[in-house]
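After this come two complexes, each holding subunit A, first together with subunit B and then together with subunit C.
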Partner chain A sequence: MKTGRSANTATAARSVQGSYTSGVVIAVLGLILLLIASPATAKIYIDINAPSLPKLKIAIPDFKNLSDKGEHPELSARLSQVVAGDLDLSGYFLPLDKESYLEGAESPLTLEEIRFKNWSVLGAELLLRGAYTCVGSRLEVEIRLFDVIWGRQIMGKRVLGEVAGYRRVMHRVGNEIIRKLTGHEGIFLTRLAFVGTMTGHKEIYTCDYDGRNLKRVTWDRSIALLPRWSPDGKRLLYNSYRDGGPMLFMRDMVSGKVRRLSGRKGLNIGAAWLPDGKRLALTLSRRGNPDIFLIDLNGKILDRLTKHWAIDVSPTFSPDGKKMAFVSSRSGSPQIYVRNLSDGREERLTFEGGYNTSPAWSSRNRIAFVSMDGGRFEIYAMDPDGTGLRKLTDGTGNNEDPCWSPDGRYIVFSSNREGSYHLYLMNANGQNQRKIVSLKGDQTAPSWVR
Partner chain B sequence: METLMFSPGPVSAGEPRWSRMILLSVAVHLAVFSTLFLAPRNISYRPRGDVVYQVDLVEMPKSRKRSVAARKAKGTSARSRLHRTAGVPASRRIAPNASRREKPVVIAKRTLKRKKNARRTSPAKLIDRAVARIERKVRAEKEDPLDRAVSKIRKRVDEAERPSAGATGQGVGVSFQLYMMRVEEWIKANWSYPTAMTGDDDLEAIQAVVLLEVKSDGTILNTRFLKRSGYAIFDDSVMKAIDKSNPLPPFPPGYLKNRDEIEINFNLSELAGG
Partner chain C sequence: MPRKLMTIGIALVFACTSLVLVVSCAKKQVQVEERVQPTTEQAKVTETVQQEKEAVETKETKQVDTAKEEAYRRAEAERQARLRELERQQRLAFQIREFEAENIYFDFDKSDLKPEAQVVLKKKAEWLRNNPAYKLRIEGHCDERGTNEYNLALGERRAHSARNFLIALGISGDRIATISYGEERPVDPGHNEAAWAKNRRDEFKLIKK
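Here is the complex of A and B:
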């Protein structure tokens, strides 16, 4: 009995002790786990809300002449100049001043030989080294783009062309650099058309995107207005008073032939291409009140796009061609409206300001327009539903005629901020405004094509 | 009766009992040593903006609890403002004690339990104890105890005058805030990014978060993305900015840690809505 009891108590005690021990073990293991899983090391938190430099510094020394007899030594500086100008105008890069370079055209070309310290000390993030060979009229340019910070080659490229067309060759190089770094196409081979008054008459001209390579298109000695490139760049529409009233003409840019597309009674103005390049919209006032009509490339009316007692002008189409923005005076003042072409529904987009005109719909689905603001014309941009409004120009002279680059990343516009009207370029967000065409007289109404 | 109850046990089952004791001993040793090694990492803080916590080291044991709780509350609000709650450890998200006491009994129980645990296992206390032990040893071996104590006090007073977020984990001093500003300026000065590449819509959204491991002399030991922006050029520009900023300014004097982590949020919010 006694033994039995003591045995029982011993078992009970043992089990109590056992559970106590295991409890301790569990507690200790739990503690270890707790410590291991405890919050990591202390942290310091810092926010940096904008870069100090909103561009990439790039060094572009003169190109090395590898021609057998050293032909065309002048290209050494010119080639680097063209690509530096392109990268500068893109708004993404800041080409460094050549005067500050520690090395010139003869500096090494290859990754192994380049002394990156000599460039990083200038603050350069990128280095573009180039060499060229001239054989007769042929030009071969080889470029290498280096990442100075990490000392590696980003791209290498060889481009062939004509010595006389060296600017074009370098624009191609510039486009390749933009594509490599940003993934999208550069604008350096695009062209502009605009109205210029240097002869005393309003005539149409074309030029490269950077204002170079100027060509006169019309010789009407009358009033030529509103040039509009076809999407493929092979045709150019414009208005001219050469036959009396404002009529619509189309010039074939390959053959140079000019054809009158619409010479109806009253106005034939403000043509806009549909994205398909086969139809266009035009304001006609043959029955008294100006409305927008759809015509084909033979001038035949296909459809009537607006029907209102007010004035409807300045059509522009969405990238998918399903909607049209235009200016109408139906509310009493010129405002921008959008029309859904499939169901005919119309909606007013602008409500601020008493004067909103010149809408331009970008391939990236933004609408730029001109608004009267404090007695001056300024350029704004908004989303196609009227939201996301942003003022792009500010405070100096009038800013008018916005026209998007084919890729929708830039706007060219005319401004009289320096007295006469000249053409200016800016990024889609209004940054980096730069004068690109500055000729005698005024330059207005730009149109841009790839 | 008592002897009857307990004496037969060890005699009859001697072997298994010993192994259990050894196991217990191993576990306790493991716990103590892992505490010693892991405890220093357990102190966390979140210096933010204009909040300055003064530390009174004389009242250290009491003020610690208070300031940590206060900091937790502050830190949590600051973090939620910055949408960083996702990365906050669970323990730091716990509401202050006061609100917990008002809750049902079950939670109160948990609180009690936690307190008990904290008393038994507080890593900070274990460190203190370990440090005290080591100090005692060193004192015994080397210097004059008085000199040692005086220099120690002097050091602590210095720290109190320049409250640092170092190993004390107590709060942020002015010198430390200045340090953060210097780091921000330094990295920003080295950051180039062609902002025109980012569309208006993305200006507010684009951001990359990078974690740096930094030595006290400012050397960046390790860099990694906690969050990428999704834009290769942006991420690349951020990494270059850090690369160009290496080494950062050295930790301010009085900062007790010899390495620390810095989390940097790169974004373009300054340009948005302009």
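Here is the complex of A and C:
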């Protein structure tokens, strides 16, 4: 059985490789259910690299409360809600409407007792049953995932945590489910940073990937812009006018200490981390012309990465750190270029449209960017050589500030399709666009970290 | 009887007050007399005081006539100077308001100066030449379209364009600072071309050295 499973994984891996080299399939999200028949257990793989995406229908009834004195009955619905929200946002699942369920929280938990007919009749392909126990402030959650069609248990998992941190506990459960079904890490414990205007000033905020657990980071009462998490999530770069001009600051997210990294004359904007987390690139204009420089974490200039009379801004690095994409106005309008850092060779990537900005290079080697299209801004993605172009947003309002999930399978972006700018999530192929952050004022410039 | 005593008392108080006021200020004296007039007793007392006072004044005037005239002329000249200074300050404040109120505007994604912007800048250069005590801060702004980063750079270009033009007209670069606000400080929050056109601008702030 083990052999069969690894053989299938290898096939999947080869098919990914193949689709890349042929350049036919892009960003690839889809879903193929592969069942490997086995007398003992059934293994399910979701091929998230497949081009089309039939969603798995999953039933998630409320969790059963096994606490001695029935403590925290409210968690019964909340726990199932969190994991249903996660699976829904992943784009791979369609959680079925709870109203249609024939059984509730008290329905059986074990393979032997579960009446699969009651779930298959709803069209459910998967069933997630959960139970929880509260002891003081501690919370223990146990889940079991069943294949309704085959009447098999796919996985079982026990997770410990705090009652107050029940969302986090359930995000871990969600990640385990994704890992089991896709072989990849889930995004449910990732975090966002963004710019919000709810106080009347632009300030930096952070929240969970689903928009919950909001925290305010800056209190500058000035203009704070362009937050950028370090790859390890321990530091956050941002621009602020708190000392007069647009300067670069770094906040230690553990100690809360803020340090000014670059306060040179003119612009100190739009910093991008190199994958090593030890260097960063930003645009400086101390001599009058905006060019991209490489600095260390003490703010010392290490290298100059562009030298041109035009505007050079918005650096973003390839996953191996060997190439940098950026925006330059050297052709007369902003376009996206890529620079080979070892030999300094530069190449223009975008030729369509007169206004292309905001490049974001994913860990899966795609570059998302924003193009002005009939007076509105839309998000596109392409391969690092400019081929494989695909339009990801279409039709309503402006869609800007694309930012990849750490795993390169999702994009969070800002859109004013409903009037004000809010943050939206979509799969890498543009499917499943959902609003995740909707606060007073505008929310823009997201940054995403593991 | 007590009532008569009180009246005399009041009269005396008024008399004393009048005396003090007469000595200190001629104009106030008139006002006081007017108020005192209702009672004849008070008027009589005041009159007496007035006569005595005038006698003293005449004597003094003869002694310090020239010195006083000199002081008066000096005070008058000072007053005139103060007036002129006040007028000059008002004129200057008006000019500064006018100077700072006049922006220059740019086309979308452009930082080159249009002919009408050059006319405005020539005026500003002349004012700066005539008022060397002032420094200038040019703020470059953009409309909301495009990225923050690109617009910050574009706003800086717009500020630099105006600065370079003023330098070409003979204004020292040491006097001109620039800052870009990108798309962060729109004057018109609208999302249409009319608003955008107003927001693609340079603003000019004067700073006394």
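In this text, the second predicted complex is superposed on the first by the 397 of 450 C-alpha atoms of A that agree within 3 Å, B and C clash if a C-alpha of one lies under 4 Å from a C-alpha of the other, contacts with A are read in each partner's own complex, and residues count from 1 in each chain.
Following the convention adopted for this analysis, contacts are C-beta pairs under 8 Å (C-beta built on N, C-alpha and C of every residue); 3 or more make two chains touch, one makes a residue touch a chain.
Quantities reported herein were computed from a predicted structural model and do not represent experimental measurements.
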>> Applying the document's definition of touch, where does A:Ile46 land relative to subunit B and subunit C: first, second, both, or neither?
In response: first
>> Just to be sure I read the superposition right, which of the two partners does A:Pro334 touch: subunit B = first, subunit C = second, or both, or neither?
In response: second
> With the two structures laid over each other on chain A, which partner does A:Leu160 touch: subunit B (first), subunit C (second), both, or neither?
Replying inline: neither
> So, A:Val135: does it touch subunit B (first), subunit C (second), both, or neither?
Replying inline: neither
> Of the partners subunit B and subunit C, which touch A:Leu102 in the superposed model: first, second, both, neither?
Replying inline: neither
>> Touch test for A:Leu66: subunit B only (first), subunit C only (second), both, or neither?
In response: neither
> In the superposed arrangement, which partner chain does A:Leu302 touch: subunit B (first), subunit C (second), both, or neither?
Replying inline: neither
> What is the contact status of A:Val313 with respect to subunit B (first) and subunit C (second): first, second, both, or neither?
Replying inline: second
> Looking at subunit A, does subunit C or subunit B touch more of its residues?
Replying inline: B
>> With the touch criterion stated at the top, can you tell me which subunit A residues are shared between the subunit B interface and the subunit C interface?
In response: none
> Of all residues in subunit C, which touch subunit A in the complex?
Replying inline: 109, 145-150, 152-154, 156-157, 160, 178-182, 184-185
> Along subunit A, where are the residues that touch subunit B in the complex?
Replying inline: 2, 6-7, 9-10, 13-14, 17-18, 21, 24-25, 28-29, 31-32, 34-36, 38-57, 91-93, 125, 149-150, 181-183, 364, 388, 390, 427-429, 431-432
>> Residue numbers of subunit B touching subunit A in their complex, please.
In response: 4-6, 8-9, 12-13, 20, 23-24, 27-28, 30-31, 34-35, 38-39, 41-48, 82, 84, 89, 91-92, 117, 121, 123, 165, 169, 180, 183-184, 187-197, 199-201, 211, 232-233, 237, 240-241, 243-244, 257, 260-271
>> Touching residues of subunit A toward subunit C in the complex: what are they?
In response: 202, 223, 225-226, 241, 244-246, 266-267, 269-270, 283, 285, 288, 290, 311, 313-314, 327, 329, 333-334, 355, 357-358, 370, 372, 377, 400-401, 445
